[in-house]
Each structure stands twice: as structure tokens, then as C-alpha cells.
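To start, the structure under review is shown below, and the notes come after it.
Residue numbering begins at 1 within each chain, and the chains themselves are lettered A, B, C, D and E in the order written.
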């Protein structure tokens, strides 16, 4: 199993990053920090999906003069392009909300906000 | 050689992620996060995914970081 | 013989339509009264028009729509249903007249008469339900429609009684629903039919527990002890409502439901193989005696009536649980007998309260001189409860005793006799008080209730006697009860 | 017009409508509302045509870009997708309802954006239920989630923003779980088309397949607010503007459940795992959800908060029905997805109209409102009776079916839980009805308020009428959905 | 305590994740389902039948164009959402969100000069990325982002009024909606001409049409992306 994981070091890396991100989301009190954590989680999933498309010795899937097989799988890349855009959209909205919450409450610490409710 | 490079990149990513968590200064955390994105971008370039790498550089390291900076500028700089 | 006919649905539909008009035009006193009475009359006419056919053995059926294959709304007027329908339609008309007089000084009359009419329309739906689902539907609707009537006063006490009422009856409804679901799973149908739809193949234990669930569900409204708690509390409602709850709609709906379960879901033959039915009989006997005992100690007139109701309803249950033709005759006939006697009582209580403001029994000294006609009606009803011959109550007790002997359970005859004694013990003192005790510092002038209160009372009392003496006249309720029994037992 | 073109139009029309709303409407709220209404009328027409078509010929597909699956994206319209009809109907009514409501409750400059987001939200839901591709499902899920978060916050109240943020964090995590699962499924099968995945999953390794299933279920159950993943719901649904609450409670949480049905379709067909463990978990969570939702609702004074908790209860019913995995349970659950949408929309829009007129939201403050707003409160009462599951309303048949499904699946105890859960629910609805009709007003001026304006009253009355009609004509949706459920369960192989 | 619990929970979570991952087809394998099922067709026939040498572009704009149609809708949604949250605040609270705060010390002349100098080059780069998306890495969104970044830079350094000249108020709403609208337009054209939404001409003789349609979409995405990113930035008050 260890050998298997060593070979799949990309997968292991994304799981570790996923957990770090989740830890940040759960334990951090500051809303912005929470959201950076969420972004780490997001990128870890992206890294995982990109890793699915990798093939040993593969090149970028751009045909044309000089390109030679094998090429990496283009599908995960296409998915993650979309994924990245979705992530930045979510981030923009979340940060806007954080700005408004700060304007209203004067703090962006989750526990202080909870007390205000 | 290539595997070593992979390993270094992943270690860097994890280090950056941990640093983001440890940094109390939000501005610093955002900058480190942008570095994290750039490392990721390098990794993807190396994995034969230049389109994604470019997007990550522009969006992840660029726009996202700018948005974080703006938000930090309009709220607080330090985490309690 | 089954005939497709629109009348079984027409009866509830017409009164539902009139109810809608009561709600819409009710702010005008004339139209409110017009539509209330109109609904009652129209329904009575429709129901009565089916009577000759029913006596000939015709069953009118109307399938309205299927929700899903096998589960739907259907209406079916057989002898048992007709009996219940006729009793409730007749009483509704009388009660409406009484309510118009009684409610005059009250608030929120539109709501009152609207829901009042709705209740009795729903009762007809219960009577004519073709399947268990339709029965459940109207049973639950009845619960909801009576709620605004119970809390009519809007006092904290009334709200509390309303909550209690809902808690009991809705839990009961939930049991009925559960029972229906399991019945459907076991039998594949919910249609109420003569030999019953369940069979022994489902297993004795399952059938026993299903029976317990269904009886518990309907037993809440039928106020079998220990499920009777809501009934005395609900006395805070205005008197016509109490009359409706206790004599016509609600409690009888429960009792009727139990009859349907015994005769049309399980069937007599199946139940004879199950031990649980005799437990039901014992429970009914216990309720008869315990209800009477508690009634003796009630000073509030309406509360005494309430416990009397608890006791009387179990006559119906006991009669049905005996599983003999005579017992069934008694059970069905008692639906009418108890209803007319009890409604007389309630009308009397209401008249006294409206005319003199008195609600406690010890205040009634000498009332017989002030309100002679009202108290005469009371006397008739009291004699009926005691079971004096030539009154309706005697017929029930006579047939119930015959049924007990027929089934070889003679000890129920002793229960009957004991119950008569107990009834005497709490009805006769009132008569003594009314006629033989001089009121303290009050005149003995005649001061009767106003006509809209008095005439319905007298009419009901008359009916009590009529039911007691006309058992052999064809076309009257008792013959219908006998027709129902013949149908149930396939004779 | 071919069916596949109509199917594409179902998504494209509201999408184009949404992006054009700022152009057409500008900052004029009434103009934006008119435009949104127009868009929804057209969309509803398309949806109706599609539902009729699927009833006639059965499931059909549209291949986008002309690429046959699995190479391109497939839109698949089956009986479950018929929920587009209810989405369009509620969307249309919510838009009409918003005409007066938005003008009254929202900051004026945000009104145009409000309609844009409303349309985007509907687009997201429509796409979500008709797509046949897992990644496309994710994209539409994001459209509907993002617009949902913003709609919760749009009133600009402090509480609204905090509720929206809570919703956003949980929603974003759940979306990630779904994306993760999509990655796993892709790694196992190399495909993103649902039918193709289902076909190719059979030989796959069990552990990743199970992980993907767990992640998908968890992610979707966050969206569906199943206990204990419900914490975001009460605040978000109670604080959002009422038409939005109606959409969120009626539809958006349901997309989580419809997504779950898609997951079932994939996994039942693949036969790679024994799903009975998952089903057991779902049934139990459903039962707990019913009880907990009802329990918390009893203590709510705020009428919309109460409705929000009642949504959690009802989600419990549906999840329980799905988890029972018996014919009746599944049919009941699916139809309850439709019916609960109707009922909850009636209730939320009704509550919105009352709040609009009186300005009060607490049951105590609202005493006596039944006398001044008879039609609105009557509609709410119909909704209340319906949600409790009284016959002959829409709620009854579903509960009947789910309970029957419990008995059929050999777990009558869940039937008992369900029936008594309904009683629990009754307790708090009776409180509401009491305060409307049978209690003396705390604020005498409440007797003077006017009945809701027509643009609000008409949608409410239509919905209330549908609650009754769907109860009486219950066999139509039931028999409509039956072949789909039979197909789904038939693939289990007994 | 909370941290320790969280870490314990995460370790428990990581175990099944890692186990499941170890059962996946190995990383980099050329025989995995992902590499043998659909992607071979894309890699082999993509450039001919889909119109771009960059197969990723083929996938996002042609094979799975509908996803990208959804994606641009997501960004548009995000703009609408940001507007909904930040526009002018509570009712009656008409205080503009961006107060004309005292200008912080303006950037030095050197910085301003460099930005002015950089402008044309960055624009050119962005355009290059956009229109070369089908033969090289990059494409509409990446180019649009670069351009958006330029707008942000100009806003920060030269002030918003200068930056806004790049997006005249009259057409700004159209620009922001450009990406989804381009998709819908091309899609409906495909529906009308070839019977399927987002269908591209398949005929070999029409290869140039195919490529130019791709480019139209890329430009639409680029313009829309840039407009939306800068609008979000402005709305979040990044110019202060």
C-alpha cells in the first residue's frame, strides 16, 4: 500500500491538502482565513482531478508541428478550467459578503459574530 | 529526477498551505496563498496541462489574490 | 343488490355546497339561517328518499374517483350507513333550529354555523363511506371542523380544551391511518364489504394488533375508557356543539367506525376466532360501569352528561362485540336511542342555562315549576337512560341482554342491570330536586325557555318515546336497524 | 420544433432572459419584473410541452453540439425531469409575486439584479434536473447555489448576510465533495455521461466507488438540508425575501434530492455495490430529520422560521421514502418532491403577503390577521392542512404512499414514525391557525390592514387551489412517475 | 481541544480517502479507463472534427461546449451576486458604498509612467492569448483575465475614471453579458443550421467556419470575462 501511495504521490498530496484546507475551514475563526482554507480545499480537488489525466511521459495535448504522443488526457483539464472559474466566482461573492458583514458588525471573527446574533 | 521534482513541488505546496494556516497576518496569508497558486501552476505545467496552469496563474494567483487583498483592505488586516 | 346512484354523494355534497354559502353570505342573518336550515333540510330529503330502497335491500353505490388504483373516494349507502345518516340528518335539522335560538347573543356566528354545517356534512360522509380511506378522510375532516366549535369561546380554558381534543383525536386518527395502511398491505383493498376483507391467512398476532390499533383509533372518539379524557373537557363549547359532539356527530362517528371495523373489515366469522374481541367486550362493560360511577359525582350538569355519554356509548361497543344478531340490533338501535335521549338532555341543560343562567345541578331546586315543559322532556330522557319500558333506552337494553344470553355470556346482563341502577342513581335525584325541593328565595312563576329552544327539546323527547313504542312498525328506525343486522349477518 | 430543440430551449430561454434582464430592465423594477414574467411564461410553455411529450413517448435526449454521448453532453428528459413543470410554475408565480414585494422590501437599486438572480437560479435548477452528464450537473449546481446565496443576502440586513455566508460556506464545501466524487467516478470509468458511467462502473474497484457514493450523498444531502447537515437552512430560508424562501424551500433543497435520484440511477444500474447500507442510513436520517425538524419548529415564534424547520421535516419524509427503496416508498417520495414544493410555496408566499401587509412576523403579533386577510390566511390554512397530510390534499397521498412503502419494505416502525411525525407537525401548524383566527389580536391595528394586493393574492390562491387539486387528482402524478420508479428499482434485480 | 479533535477527525477522514485512492488506476497509467475510453477519440480526431489544434480548446468549446456555456453563466452569476450584495446597502441607506475617500498618496510618477507604457503591451498579449487559444495554451478566459488585470492595474494606479473609459457606461451591461450571449447566439445558430444546439459545421470544406466560430466564442468569453472581473473589482471597492 505504501508503495502504491508513493507511486500515486499526487493523490496523496491532494488528500493532505484537502485535509489541511478542511482544518482551516473548521478551526479558523476569521472569515477571510476560513475562505482561504476553502480555496486550498478547492485547489486540492483540482490537483487531484488534473492528476487523473496525467500519463507517463505525456505532453500537452496540443497538436501541431513537433507534437508527439503520448498526450495527457484533455478532459480533466477542461473540467478544471471550469472548476477554477467557479472557485473564483464563489470567492468573489464570499468576500463581498465578508465586506458587508464587517460594515455592519465591525468584526469578521465568527465567534464574535455569533455572540451578536 | 522528475519524480524528485514532483516531490519537491508537493512538499512546497503543503508547506505553503501550512504557512497560510499559521500566519496571523491576513495580508501575508493572502500573499502566501498566491505563492501556493504559483507553485500549483508550475506543477500543472510540468504535468502537461499548460492551459490549466495558465488559468491558475491568471485567476488563482492573480484575480483571487487581488480580491483577497481588496477584502482585507476593507476589513481588518490581522486575525484575532 | 347494488345500484349505482348519485344520491350517496349528493347528500354530503349538497350540504357542503350550502356550507360554502353560509360562509359567503353568513354576515346577513337571514341568509345564514336560510342556508343552514336549507342544508339540513335538503340533506334530510335526499337521505330519506333512499330509505324505501334500503328497506328493500338495495345498496346505493357511487364511485367518485380513484386517487390511485384501489385507493379512492367512494360512497355507498347500505342499511347500517343509512341508519346513521338518518339519525344524524334528523338531529341536525332539530339542532340547527335550536342553535339559531341558542346562539343569538354569541359572537362569530358565521364561523359557528359554517363549521356546524360542515361537521354534519362530514358525518354523512362517514356514514356513506365506501372504503376505509374515505371513512378516514371524513373522520379526520370531522376532527378539524369541530375544533373551531370547541374553542368557540376563545377563552384560555376553551383553548386548552381544544388542544386536548385535538391531541386525543388526532392521535386516534393516526392510529386509524396506520391501521388502514396495514390493512391495505394485508388485504390489497380497503373496500368495506359484508363478510369482511381480512382473512386468517394474515396471522393471528398481526390481526390482533391491527385490531387494537384500529379500535384505539376509533375508540378515542367513541370515548372508550381510558381514551375518554377529551370528552368532559370539551364541555366548554356552546351547548348545541356539545349536543352535536356527544349525540350526533363525533362520538357516534367513532362508534360507527368500530361497527364498520367489526362487521365490514374483520367480519363476524373472523373475529370469533380472535381472542381480542372479548377483551373489547370487557373493556366496554368496564366503561359502562365506570362512566356511570364518575357521573354520580359530577355537579356540573354538562359534565354529568359527558360521563353519561361515555358510559352509554359503550353499550354500542358491547353490543357489537357480542357478535350476535341481537347484540348487533341493540348496538345499531342504540345509536339512535342514545342520540335522541342525550340530545334532549343537552337541550334541557342549554335551555336552563340560557333561561336562568344555572349550570350546576344543586342550583336546580324547584326548576320543575319554573320550566315545566323542559323538565318534562328531561324526565322522559332520564327514564329512557334508566331503561324504563316504553322508552327508547329499554329497547336497547332488552336486545343487549338478549344478545348477551345468545352468546352465552350472561354476566353482561348483570352489567346491564347494574348500569340501570347507576343511571337511576344520577338521573332521579335531579328530578327529585326539580319537583320536590322548593327553591330558596325564588318565585315559582312559569318562566319557560323561548320557543326556538323549547320546541326542539320537546320534539326530541317525543322521539324518545316514539323509538320506544314503535319497534314493530315497518319504516321506522328500528326496522332499519334490523335490516342492517340481516345484511351484516347475511340472514 | 423537435423535442430535443425544446429541451435545449428550456435552459437557454431563461439563461438568455437572465443575462438580458439588466439590459432590458435597467434599474426599473417593474420593467425587469415584466421581462422576467415573459421569460418564465415562455419557459413554462416549453416545460409543459416537454412533460406532455415524455408522457407520450417516454424518456428522450438532446445531444449538445451534435456529439452523441458519451463524447458530448447529453440532456436527458425522463419522468423525474418532469419536475421542470413545477420549477417553472413556482418560478413564474414567485416572479409575479415579487412585483410588489421586491419594491417594498428591497433596496431599489438591487431590484433589477434581484430578477436576474431569480432567473439564473431557475436556469440552474432546470439545467440540473435535465442534464445527463455529471460534470454538467456540477456546473448547474453552482449556478443555482451562487444565485441562491446572493438571493438570501439581497435584503441587505445584517442577519441576512450572515445567514447567506453560513449557507455559502456549507454549500461550497458540499459542492467540492460532489466535484471530488465526479473526479473519482471519472477515474473509474473514464466517462462523465451518467448512463455510460452506470454501464462502465460494474467492474470497477469497490472502495473508490463507495467513496464516490458517500461523497455524492453527503454533498447532496447538505444541499437538501437533511439532519444533521441542515444547520444552514433555518436562518437562510427564514431571512430571505419570501418569494426566495418559497423557491429555496420549495425547489432548491429538492434539487439535492433529485440529484440523489440520479445517483441512485447510476449505482442501481451499475450493481457495483450493495446499496442497502446507504439506504438504512438514509431511512434513519430521514426519520430523525422528521422528528427533529418538527421538534424545533414547535419552539419557533417567527412564522417563517417555523416554515423553514418544517422543510427539514419534509425533507426527512422524502429521504425516508427514497431510502426505503420499495416501489411505494419511492413513488411517494418522488411525488412528495413535487407536492411539497407546491405546499411550501403556498405557505411561504402567504407568510410573505402577511408580512408585507402587517410588518409582523411573530405568531403572537399576528393574532387576528385572519379577520383582515381572509383569503391569504385561508390559503395558508389549506397549505397547513396539506403539509400535515390530511386528506384530500396533496400532502396526504405522498405520506400514505411512503408509509405504505415502509410496510412494504418490512419496516412498519418507520411508518409509525412517519404518521406520528405528521402529528408533531400538526401541533405547530395548529398554533399558526389559532393565532390567525381564534385569538384576540395583540395589535388592534392588525384588524385594519388590507387584503394582499392582487399580484400577490393570485399566485397564493393558485398554489392553494393546486394543493387541493393535486390531492384529488393524485393518481395523475403517481401513475406518471410509476414507470420511472419501476425502471429504477427493476435494475436492482429484486 | 477543538483543534485536537479536528485533527483526529481529519486523520480518520484521510484514511478511507487514501485507501480508496490506492485502489484507483495508478497515476500516469496509460491503460486506465480515463485514458482509454473517451479521450482517445478527442486526441485523435479533435483537431479535424472540432476545429482547434489545442485539444483542450476542442473539449471546452466544442465537445463539452455546454459546460463552458454554464461556466460563463457562473461568472455572470457571480457578478450579479456581488452587485446584489454590495449595491447601495439597506433600503433608505443611500450612502454610496464607495465614498470619495481622501486619495491616498498617489503613486509616483514612475509607476504611472510604467503603467501607461505597459498598457498597450499587455493588451496585445491578452488579444494574442485570446485569438491563439485554439493553437496554443490559453484562450478566451485566460486572455480576458489578463485584460481584466490590466484594468485593475489602471484603476489602482491611474484612477477609476481612466479605467472606466475602457468600458463606456452605455454598453457596459452588454459587455458583461457578452460571454453567455455569444454562446447562446452561436448555439442557436448551430441549432438552426445543423439541428443541434452548439453544433459546429462538420463538413471538411467548412473548416475555416469552424475555426472562426471558435474564435468568435473565444472573443466573447474574453470580452465578457474582462468586463466582469473589472466590474467585480470596482464594486468591491478595490479603487479605494
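Following the convention adopted for this analysis, contacts are C-beta pairs under 8 Å (C-beta built on N, C-alpha and C of every residue); 3 or more make two chains touch, one makes a residue touch a chain.
Everything numeric in this text was worked out from a predicted model, so none of it was measured.
Participant: Identify the chains in contact with chain A as well as chain B, in label order.
Facilitator: E
Participant: What's the fewest number of moves from chain B to chain C, given that each move must go to a chain touching the current one?
Facilitator: Shortest path length, in steps: 3.
Participant: Work out which chains are contact partners of both chain A and chain D.
Facilitator: Touching chain A as well as chain D, we find E.
Participant: Of the other chains, whose C-alpha centre is the longest way from the centre of chain B?
Facilitator: The chain farthest from chain B, judged by C-alpha centres, is C.
Participant: Pick out whichever of the two, D-E or B-E, is joined by more C-beta pairs in contact.
Facilitator: D-E
Participant: Which chain, with its centre taken as the mean C-alpha position, is closest to the global C-alpha centre?
Facilitator: D
Participant: Going by average Cα coordinates, which chain is farthest removed from chain E?
Facilitator: C
Participant: Just curious, how far off is chain E from chain D if you go by their C-alpha centres, in Å?
Facilitator: Measuring from centre to centre gives 30 Å for this pair.
Participant: Could you put a whole-Å number on the gap between the CA centroids of chain A and chain E?
Facilitator: The answer is 17 Å.
Participant: Where the CA atoms of chain C average out and where those of chain D average out, how many Å apart are those spots?
Facilitator: The separation of the two C-alpha centroids amounts to 44 Å.
Participant: Once you find the CA centre of chain C and the CA centre of chain E, what distance in Å lies between them?
Facilitator: One centre to the other, that is 74 Å.
Participant: Residues of chain C touching 2+ other chains?
Facilitator: There are none in chain C.
Participant: Pull out every residue in chain D that's touching 2 or more other chains.
Facilitator: As it turns out, chain D has residues touching two or more other chains at 135, 139, 142, 146, 149-150, 153, 156, 161, 164, 186-187, 192.
Participant: Residues of chain E that contact two or more other chains, please.
Facilitator: 17, 19, 21, 24, 32, 34-35, 38-39, 42, 54, 56, 64, 67, 70-71, 74, 77-78, 81-82, 85, 89, 137, 141, 232, 236-237
Participant: Give the pairs of chains that touch; include all such pairs.
Facilitator: Listed by label, chains in contact pair as A-B, A-D, A-E, B-E, C-D, D-E.
Participant: Residue numbers of chain E touching chain D in their complex, please.
Facilitator: 16-17, 19-21, 23-25, 32-39, 41-42, 62-67, 69-71, 73-74, 76-78, 80-85, 87-91, 93, 173-174, 176-177, 180-181, 184, 187-188, 190-191, 194-200, 202
Participant: Enumerate the contact residues on chain A facing chain E in the complex.
Facilitator: 1, 4-5, 7-12, 15-16, 18-19, 22-23, 26-27, 51-56, 58, 60-64, 69-71, 73-79, 81-82, 85-86, 88-90, 92-93, 95-97, 99-100, 103
Participant: So in the complex, the part of chain D that touches chain E is made up of which residues?
Facilitator: 2, 4-5, 8, 12, 15-16, 18-20, 22-23, 62-67, 70-73, 105-110, 113-114, 116-117, 120, 123, 127, 135-136, 139-140, 142-143, 146-147, 149-151, 153-157, 161, 164, 184, 186-192, 200, 204-208, 210-211
Participant: Along chain E, where are the residues that touch chain B in the complex?
Facilitator: Residues of chain E touching chain B: 54, 56-57, 129, 137-139, 141-142, 145-146, 148-149, 152, 229, 232-233, 236-238, 240.
Participant: Note which residues of chain B are touching chain A in the complex, please.
Facilitator: 3, 6-7, 10, 13-14, 17-18, 20-21, 26, 29-30, 33, 36-37, 40, 43-44, 47-52, 55-56, 59-60, 63-64, 67-68, 70-72, 74-76, 79-80
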